[in-house]
Amino acid sequence: MTRVDGRNFDEIRPVTITRNYTKYAHGSVLIEMGETKVICTATIEDKVPPFLKNTGKGWVTAEYSMLPASTQIRKIRESSRGKVEGRTQEIQRLIGRALRSVIDLDAIGERTIWLDCDVIQADGGTRTASITGSFIALIDALNHLKSIGQIKKFPIKNYISAISVGVVGEKPLLDLCYKEDSTAKVDMNIVMTDQGEFVEVQGTGEEAPFSRKDLLELLRLGELGNQQLVKLQKEALGELAAEIGRREE
Amino acid sequence: MTRVDGRNFDEIRPVTITRNYTKYAHGSVLIEMGETKVICTATIEDKVPPFLKNTGKGWVTAEYSMLPASTQIRKIRESSRGKVEGRTQEIQRLIGRALRSVIDLDAIGERTIWLDCDVIQADGGTRTASITGSFIALIDALNHLKSIGQIKKFPIKNYISAISVGVVGEKPLLDLCYKEDSTAKVDMNIVMTDQGEFVEVQGTGEEAPFSRKDLLELLRLGELGNQQLVKLQKEALGELAAEIGRREE
Amino acid sequence: MTRVDGRNFDEIRPVTITRNYTKYAHGSVLIEMGETKVICTATIEDKVPPFLKNTGKGWVTAEYSMLPASTQIRKIRESSRGKVEGRTQEIQRLIGRALRSVIDLDAIGERTIWLDCDVIQADGGTRTASITGSFIALIDALNHLKSIGQIKKFPIKNYISAISVGVVGEKPLLDLCYKEDSTAKVDMNIVMTDQGEFVEVQGTGEEAPFSRKDLLELLRLGELGNQQLVKLQKEALGELAAEIGRREE
Amino acid sequence: MTRVDGRNFDEIRPVTITRNYTKYAHGSVLIEMGETKVICTATIEDKVPPFLKNTGKGWVTAEYSMLPASTQIRKIRESSRGKVEGRTQEIQRLIGRALRSVIDLDAIGERTIWLDCDVIQADGGTRTASITGSFIALIDALNHLKSIGQIKKFPIKNYISAISVGVVGEKPLLDLCYKEDSTAKVDMNIVMTDQGEFVEVQGTGEEAPFSRKDLLELLRLGELGNQQLVKLQKEALGELAAEIGRREE
Amino acid sequence: MTRVDGRNFDEIRPVTITRNYTKYAHGSVLIEMGETKVICTATIEDKVPPFLKNTGKGWVTAEYSMLPASTQIRKIRESSRGKVEGRTQEIQRLIGRALRSVIDLDAIGERTIWLDCDVIQADGGTRTASITGSFIALIDALNHLKSIGQIKKFPIKNYISAISVGVVGEKPLLDLCYKEDSTAKVDMNIVMTDQGEFVEVQGTGEEAPFSRKDLLELLRLGELGNQQLVKLQKEALGELAAEIGRREE
Amino acid sequence: MTRVDGRNFDEIRPVTITRNYTKYAHGSVLIEMGETKVICTATIEDKVPPFLKNTGKGWVTAEYSMLPASTQIRKIRESSRGKVEGRTQEIQRLIGRALRSVIDLDAIGERTIWLDCDVIQADGGTRTASITGSFIALIDALNHLKSIGQIKKFPIKNYISAISVGVVGEKPLLDLCYKEDSTAKVDMNIVMTDQGEFVEVQGTGEEAPFSRKDLLELLRLGELGNQQLVKLQKEALGELAAEIGRREE
């Protein structure tokens, strides 16, 4: 069986990571996974939410949005509706949680780093691409803090990346495009560190429940995909990758 | 090591399921898991959301709310804030998705079944208790439809129940109470059918990532807990359980 | 003429007051008047609204909500609508005003006591039951303040209770159930102290205006009902009733 | 004792009723009670709320608002806040209920009559002035319907007017101005028909409860005030008064 | 060609400016331009928006609203909709900007002057009438500051007034009434100082684009109209006009 | 005097127009004017707003938004605030009005064409770039309608483009970048057709009023800039330009 776009079941789509995509944010990345395109920016703000005031600790939070024309049917703008949808909130909570899990919030001081993930074109996997891309934007923002002497080294415990997997027909597949995703019986997002550990595992079988065996195969594919993504992240970071690599010394 | 409330690591809290808790809803259940208490009602409405109009298909959807005094610190009412929090939306999406996965929406006709989960007292595991309790309320509502001749048999594919598991200290535990949950390094909600298959697996390691070994142990505990919950659901349903059991004939 | 539920025209429904209904609030009461069931909790918060800051004075405020399945037709959740209805606001303003009229706000210090009235099942008279039940929850919360040494004695001027009366057909009736209420020509809520004085009198003749004679008979029935409610409140408070009784010495 | 503005305890303020105050509404009245000034308009719309569709019945509803500069301290505009306050909702519900009680909704067909009460200057008694003025605007709107042949006669059962009374110091007073209202121990609004019957009685003793004796004296003053208001309404209506007078024949 | 109301193409409607129209605001003006009637009030508040805190500088801001019955078809109240329309926001931004352009914000200290423009009756040109009337209300509010010794002289650089012009048929006209405005091919609002300079020029050709020649003729008419308005403003201000006239000395 | 970026006073920034920038919208354009970058998409929807139902007429409307990181200081997302700012509403009204002025709405049938302008990077002139870019996206969407046989020819009366001009220091300048815009005394947006006629002229002198002479010079610069933009639009449209050119035959 070949997939709709000719890939193998365990193959990810071509990935492009463009740093410094726009000029004002402290980190600005365009991540493309096949036809999915997301702008991920990281902006540093010199204040924290009320619950962290005077704790010396920082915060990392994410916002996610899709341009109205990023999908096949135009999406109504959430600002026009006057409220943020449940799906959006779920995604931005996921992105924020994922990124917070790899950063030492004590080390950045009383600052908030805003990760804005704006989907320019959506062809499946926008939330996982947002995590993978935001990690790079975050590193660039931290590099800015480092360059102005606010931090000494990268307060980063691990790389983090994310990929979707799912069961389409009876077949577990890696990195679903929209066409696959919309017919998947099981859909799972897997967020991992470069150490091969899990940060989030979110699997849903709305069409049909799934067995332990399926689950294990999906986890294996997710591991495979995330290994490749981390490799691509390192390439994209170039010299910075080496610096982050020295984080534990 | 014993747990804060003296349980074994693989022991669930005492569960009480009270049917017909209030009198107007078509199904009305009070579920208690230890000190966690949730009223789950199912109400049938003779219309469907716009996207299902004239499809002959029904819908199941859930709403979740906590009474202000259900938690240790009084929670601001979402109606006063004027908006539903991200966490609430995530939970009601989860409950709805879970219940929809076991019902044949074609069989109930153009009707919506509303599952309202109102937390009276929260001591951890309110979302999973909501799923377990809502299943019983849903059966009672379907029984009402059956009794008035609108459906012939229960359009139910499986029982569904849910339990939380997590890693506290270094120890995987089943059915976390609030005290355990608030210090857990890994937190996972597992929704399963009575056939031992997974409907949702949502694991988060915000404090620390988790290994494949941890993940497998958590899944095993989840299976254990859900087996017991299904048994309790069957007891609570009494004679109805036998009827649902004949569903596949 | 007998009433729909067999009562005399001047008879109230059976009343049950359960204290300590839930465990986190400082006062937590389930009040049942016939089939009407309301959870009334009192929670103490160590701050006051802006207009009372640095005055040394406290505040008592109420919120009221009906569970979606508390009524015969499922009520849309106000948090989903994104706004609190006029009826709800009117009721919570009434409850707050009533309770504030019997407490010495100077004596409780810069604290807010939140009274949350959540209707579990609605069969008429939910706002009056909320007042009667909230008074008990308020006493329990004050007792908590007393037990931790924050106040010396109960800063309570009077007991307060409330009951509905109305004209159904041509007949003035005490304590209307929903069936009566929905056909009443005149509808009145009467809030009184244990000294037999009025705190609120709200009478409406939407169907038909009412004479001074009707009004006087309705007031008489309201006095009758409230006398019984205060008696039941005293029984429910047990030993605390004696302490409050010594308030004026 | 004389009052702040020199009136007797049972004297109302000078009242001016100006009809046709603006030109687009079907009825448009400026009512002035002392320094309180309210524009009351009645506009006929050829549709009804959903719950009345296809019933042949009409609806009367009210909206109330205060101009920001109508009060001593500038009031924030409710459109800027994005929500209508509880007080406003209470008042517009009261006005609507009052006017609906004297009109035959079946007779006006499937139409909504909107009563808009906009307070230009507030010196106490704005809600009661709104009711008294809206009655005149309503009659003018009905007269419009009559003049274009949509109704044959005035579908009006009674005149309706309203006045505030209260206890200031120990003294019951009629028609409180703001200075009196802000120090009143008991505050009551009394809505009556020209037949001397009550439509609404809303009395509140937030500062102190009130006795039956006080209540009776306040009712007496309210009757006195409303009798004078009806007389002024009749004068303002001129020839139309005669026509309405023939309503019962 | 004569116009719908018999005016010449370069003639403005009769203007009446009534000062002290209501009693609480520091400035309160009713401006009537033909059948268009707007209440413009100026209220001084002793604080500034956050971006001006501790700058020693003041602020002038405007709010604009139409009474529901001010137009031929009843307008839904923006407070009921829960949001302020785009058109309203555009108008209040325009009014605020215009008035700020002629006042020295440094001279009024950390105060906000609120200009509230409430349209009682709308017959075209409400936004321009609001500007012309607000200028007078602003002067009265400044006079209040002066009378209590908070400022020494009027911190006013110029008079400001505004008028609408437009092309109806092929004919440029001054001061459009609603009937003209609704059929205009080009519509322009011109805000000017008494020195004959422009503060805002907003021209729109939604029906058809307009030539440079049309534009010049419209500007000429706008100059003509504003010259007359400033003259009327000076008359309305009486003795104050002389004081403002001495501003530049 | 040279400008901050070395341009002459009457020189526009380098313009790049990229068609088919994303794949789902019927028209999708990235327009870059110097460092200002806006994605303009046009999406056709087969329905119209209520006021156009059953008129056979279509509608063109615009929405405008800035990515949070598009500006030097991160902008709070309007969906998070829950409301669309006045500035945004003003801009989207302007864009919609401008595009509607050059299209024959009768010719497109009961369809809405949504123009979404999302600013990726903002360096002044985002609203004018949005108009210029949207025109191209609109043509591509119309070309789609033409290619599927829904329209025979382009229902376009004119090309439309827009440019900002302003007075910085004492000097009128064409096409202000952000640095110039933020210090401009007069700021004007000029929307024109390719026939050299005006569609919108919006000039504001918040810092200082401007003379007729300044106004004329600014109009001249606007004409100059728009002539160049139309030329660039024609180049970008390539073969389509020829087809539109034949519109009047």
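Letters A, B, C, D, E and F mark the chains in the order given here, with residues in each chain numbered from 1 onward.
Here, a contact is a pair of C-beta atoms (placed from the backbone, for glycine too) under 8 Å apart; a residue touches a chain by one contact, two chains touch by 3 or more.
Chain identities (UniProt): A, B, C, D, E, F = Ribonuclease PH.
Since we're looking at a predicted model, the values are computed, not measured.
Traced through touching neighbours, the fewest hops from chain B (Ribonuclease PH) to chain E (Ribonuclease PH) number 3. Ranking every chain by how far its Cα centroid lies from the centroid of chain F (Ribonuclease PH), the top place goes to C.
One inter-chain figure worth recording: chain A (Ribonuclease PH) and chain D (Ribonuclease PH) are separated by 60 Å, centre to centre, where each centre is the mean of the chain's CA atoms.
Work out the mean CA point of chain E (Ribonuclease PH) and of chain F (Ribonuclease PH), and you get 29 Å between them.
If you average the CA atoms of chain B (Ribonuclease PH) and of chain D (Ribonuclease PH), the two centres end up 51 Å from each other.
Of all residues in chain F (Ribonuclease PH), those that touch two or more other chains are 82-84.
Viewed as a contact network, the protein chains form a single closed ring in which every chain touches exactly two others.
All the chains close into one ring, and from chain A (Ribonuclease PH) toward chain B (Ribonuclease PH) their sequence is A, B, C, D, E, F. Every residue of chain B (Ribonuclease PH) that touches chain C (Ribonuclease PH) in the complex is listed here, in rising order: 22-25, 28, 35, 37, 39, 41, 43, 45, 63, 65, 67-72, 74, 77-84, 88, 114, 116, 118, 120-121. The residues of chain F (Ribonuclease PH) lying in touch with chain E (Ribonuclease PH) in their complex are 83-87, 89-90, 92-93, 97, 100-101, 158, 188, 192-193, 195, 197-212, 215, 219.
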